[in-house]
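One structure is given here, and the rest of the page talks about it.
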Amino acid sequence: MKKLLTILVDCPDQKGLIYKITSVLYQNELNIIKNREYVDLDTNRFFMRTEVEGLIDEAELAAELKEALPDQSWISVVSDRKKKLVLLVTKENHCLGDLLVRNHFGEWNADVKAVIGNYEVLRNFTERFDIPYHCVSAEGLSREEHEQKMIQTIDQYAPDCIVLAKYMRILTPDFVKHYEGKVINIHHSFLPAFIGAQPYKQAYDRGVKIIGATAHFVNHHLDEGPIICQNVIPVDHSQNASDMARAGKDVEKMVLAQALKLVLEDKVLLSGNKTVVF
Amino acid sequence: MKKLLTILVDCPDQKGLIYKITSVLYQNELNIIKNREYVDLDTNRFFMRTEVEGLIDEAELAAELKEALPDQSWISVVSDRKKKLVLLVTKENHCLGDLLVRNHFGEWNADVKAVIGNYEVLRNFTERFDIPYHCVSAEGLSREEHEQKMIQTIDQYAPDCIVLAKYMRILTPDFVKHYEGKVINIHHSFLPAFIGAQPYKQAYDRGVKIIGATAHFVNHHLDEGPIICQNVIPVDHSQNASDMARAGKDVEKMVLAQALKLVLEDKVLLSGNKTVVF
Amino acid sequence: MKKLLTILVDCPDQKGLIYKITSVLYQNELNIIKNREYVDLDTNRFFMRTEVEGLIDEAELAAELKEALPDQSWISVVSDRKKKLVLLVTKENHCLGDLLVRNHFGEWNADVKAVIGNYEVLRNFTERFDIPYHCVSAEGLSREEHEQKMIQTIDQYAPDCIVLAKYMRILTPDFVKHYEGKVINIHHSFLPAFIGAQPYKQAYDRGVKIIGATAHFVNHHLDEGPIICQNVIPVDHSQNASDMARAGKDVEKMVLAQALKLVLEDKVLLSGNKTVVF
Amino acid sequence: MKKLLTILVDCPDQKGLIYKITSVLYQNELNIIKNREYVDLDTNRFFMRTEVEGLIDEAELAAELKEALPDQSWISVVSDRKKKLVLLVTKENHCLGDLLVRNHFGEWNADVKAVIGNYEVLRNFTERFDIPYHCVSAEGLSREEHEQKMIQTIDQYAPDCIVLAKYMRILTPDFVKHYEGKVINIHHSFLPAFIGAQPYKQAYDRGVKIIGATAHFVNHHLDEGPIICQNVIPVDHSQNASDMARAGKDVEKMVLAQALKLVLEDKVLLSGNKTVVF
């Protein structure tokens, strides 16, 4: 039976790459449905994302492509199996609400396996959707102890992707490393403006006329991981910091949902501290 | 010496097209700088735009590609020679002003060769930029007679592209056919809303909260040619029809400039009554 | 105890209106918190929305204002009591999902009292939020019979506002009249473009580069009631009609939520077939 | 003969202010055309902007209003006389081009009296519009010496407003103080992101998905004056720093023109380091 596969390539740029890759696809009678390429001239790396249809084993195709491509190429052939998601929350509900509704109605080729919070606040809401909720309180625990318990709870679900849906705790480098490239965060500002705490207070104090939100992969530098999506909304002098925060919620949940959709569809590649979004 | 060429392909879709095309490029030692493809599943046509660098004659490359591709393929290999532009105007100045400033400072790989109007109003402004201005008055002439004179005036400049920069006369099918695929218009509404005359009056009467502008290729159906670019701005109840018209000018000139840039960079292909914008 | 009141005025324009109104407020020792005015020069009507704080009875204040204002003035003094909402749905879930989450977390000074649909599809989802769901099937009924049953079901909740959250049935003038000025609809296009059925199919066929959504009050002309909010998102050639429909859902739910918030906060006045949004 | 006057008020908030102000207007038989108010709850200041029509002397009206208002009120009554503008430039042409075209076609109730640059580059372009161009080279001069010459050149035109249309020199506190509240700058980033030099390089390095521009009043802290307008455009991974800079020019010139229009129409009041834009 025909399969839909997504091929991701990140390799040193050189002449003839598309020819070499499509030559492998042609020999295997794969039909190209979508294809995007990009060359980062700063790093001289070539990026490609190709959706193909045909009869072939993922591992075999990956091996053939590896053969055809230069050394130090990274190749991934992804089948269309359902991905597993875990959502991390604290007390704010707007991103969680939006994601659970989308999940409930099967908007993605993915399933939310669990919601994990450091408070009980969002348990009732989560359980209305028949999704398990785990409360891992940080009370009385060191950051490391708490993260150990979080990791144990998360790992039982073997998630493909972890979404920080307004999870308001700072992560240690060890936690980040454990889930490298798998953690998406929504930051309630138009990064890199207003890094850190209380961005809406900062925005109000600065008298800005536009506020925004940024979805990004999490890395070891707080609020500085590769940006996936950003969006903004206009504000004016009549809105105080808490009005801005309220208005910001809608753009936050929209940007997070856009970023998650792109990630779940394997459309986001990493290029250093930037993303290539196909 | 190395040349920069843009290859445009519009052909029946089939397996292996990218492989076949890039195979020709690889054999000719051409380096792919940018590449985009699209398959229109309604019409089963494949579209591709590729920028390459190398040593090859345009006609020769086009011939080799034709050989490699199925029947009924359309192939164009475009060098980076400067394109020639003619602008048509009536009395409004905002689009003309923006385009002449961009042209004056060499923003495009193109030159405005002349401005042609049906009134004298914009002569003085045009001549400040040392661009010839021709007034072809429609007074006392039938539509056909006027267009004949317009065509004579335009054709002496052999333009690659004709921009209707608020040219407020309806064109006959003959005129449109004479310049098929070469004429861009800016329509002062978010098409297909408010087709026809006085779109801002219509928008005001309808109480809309957003107005827009549409740049499109001109075909024989008024305001119904393939859309290249659209953009919008918010309006509110406090703006009357003439406020909206004033506000609309900024979005009109921006949208027209965006569309023209895309066309001059050979990024717009036609697919029936739609555009593929790479 | 101090009350928060919202005063809405729609009256013939004449000199001194603000002075006369604020004079009444001053004499009653009311503190103005927010104030907006607008004069529609086409109809010569004056509109005002004022938030005041103080100790006064709503009816008394309305009477005093009536006294101070010209004949044919419409005055409304609204207390901050919770409003009652009823949502009407068919099968699509995105607007309902968004509204029920917002309601669940108390985002408005209003309560969703019931969801009424013409199918059973959304019962399970609605009941997860402990909101009553009524299915009023149209099967085997004339339009009038069905609407009669709808009205009976709706009226038991005495709603202040009825939201058509993707309710896909055409309403009769009688139904519309019964709930005059109380029914909000979300139309899945950037009205007045693509009036009628299948707007995304129409948009795709036209090759537009932007799609949108429109929230409006319902009147007797289908899709032609006063517009409250509109918003748009960019699309491109690579999206087919169903991709556009999917993308459109996010803008639909956002626009409907914005419009509903404005209506619930008494910020939308009617001026003929337009809205004045303060 | 009837005059159009704009009244600006910035005073301590207290009960009855609108009543007291409109009472003065009513007694003088002035017709209110537009009216906006705002109370800054942080500072407890009341702001109002009112357009009136009638027969009264500006100074007399200002005096009557002063009488009616609390101590420490700031009142300004502005007639509709044409304002005088001076533009400062360095080498970039896009903002200058846009402003000179708008000025040429009389878009504002204002006149550009002169363009002053620190290079000769933009002389030829400026003079095409019959606007005097002064080159005040900074070569061999200390910052103070150069500014002294700038001030002499500027002051002969007694401008109401000075526009830094990509004037790339840092201003001293003395210069800023000399023209307090009169100098508008366009910053090529979405402030406060990317403060300082090379914002597009910074934006590219950070991998942002949106870039913007900010028009603000200049104060003694570089890039930190009160923000008037901001706007953004989307970018993606395929654009390098210089592509972003090119794309940014269009949003820069649009934002600067919006801000200048607001300032020329007396719609921008200062509230500490923020603006109130009516």
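As written, the chain order gives the labels A, B, C and D, with residue 1 at the start of each chain.
Everything that follows uses one rule, which is that a contact is a pair of C-beta atoms (placed from the backbone, for glycine too) under 8 Å apart; a residue touches a chain by one contact, two chains touch by 3 or more.
Quick caveat, the model's predicted, so the values are computed rather than measured.
More inter-chain C-beta contacts link the pair A-D than the other of A-D and C-D. In this assembly, the chain whose C-alpha centre lies farthest from subunit A is D. Centroids built from CA atoms put subunit D at 38 Å from subunit C. Here the CA centre of subunit A is 41 Å from the CA centre of subunit D.
Counting partners per residue, subunit B has no residue that reaches two or more other chains.
Against subunit D, the residues of subunit B that register as touching in their complex are 34, 93-94, 97-98, 101-102, 104-105, 125, 128-129, 250, 254, 257. On the subunit C side of its complex with subunit D, the touching residues are 15-19, 22-23, 25-26, 29, 31-33, 35-37, 39.
Those residues of subunit D lying in contact with subunit A across their complex are 38, 40-42, 190-194, 206-210, 212, 226-232, 236-238, 240, 271, 273-277.
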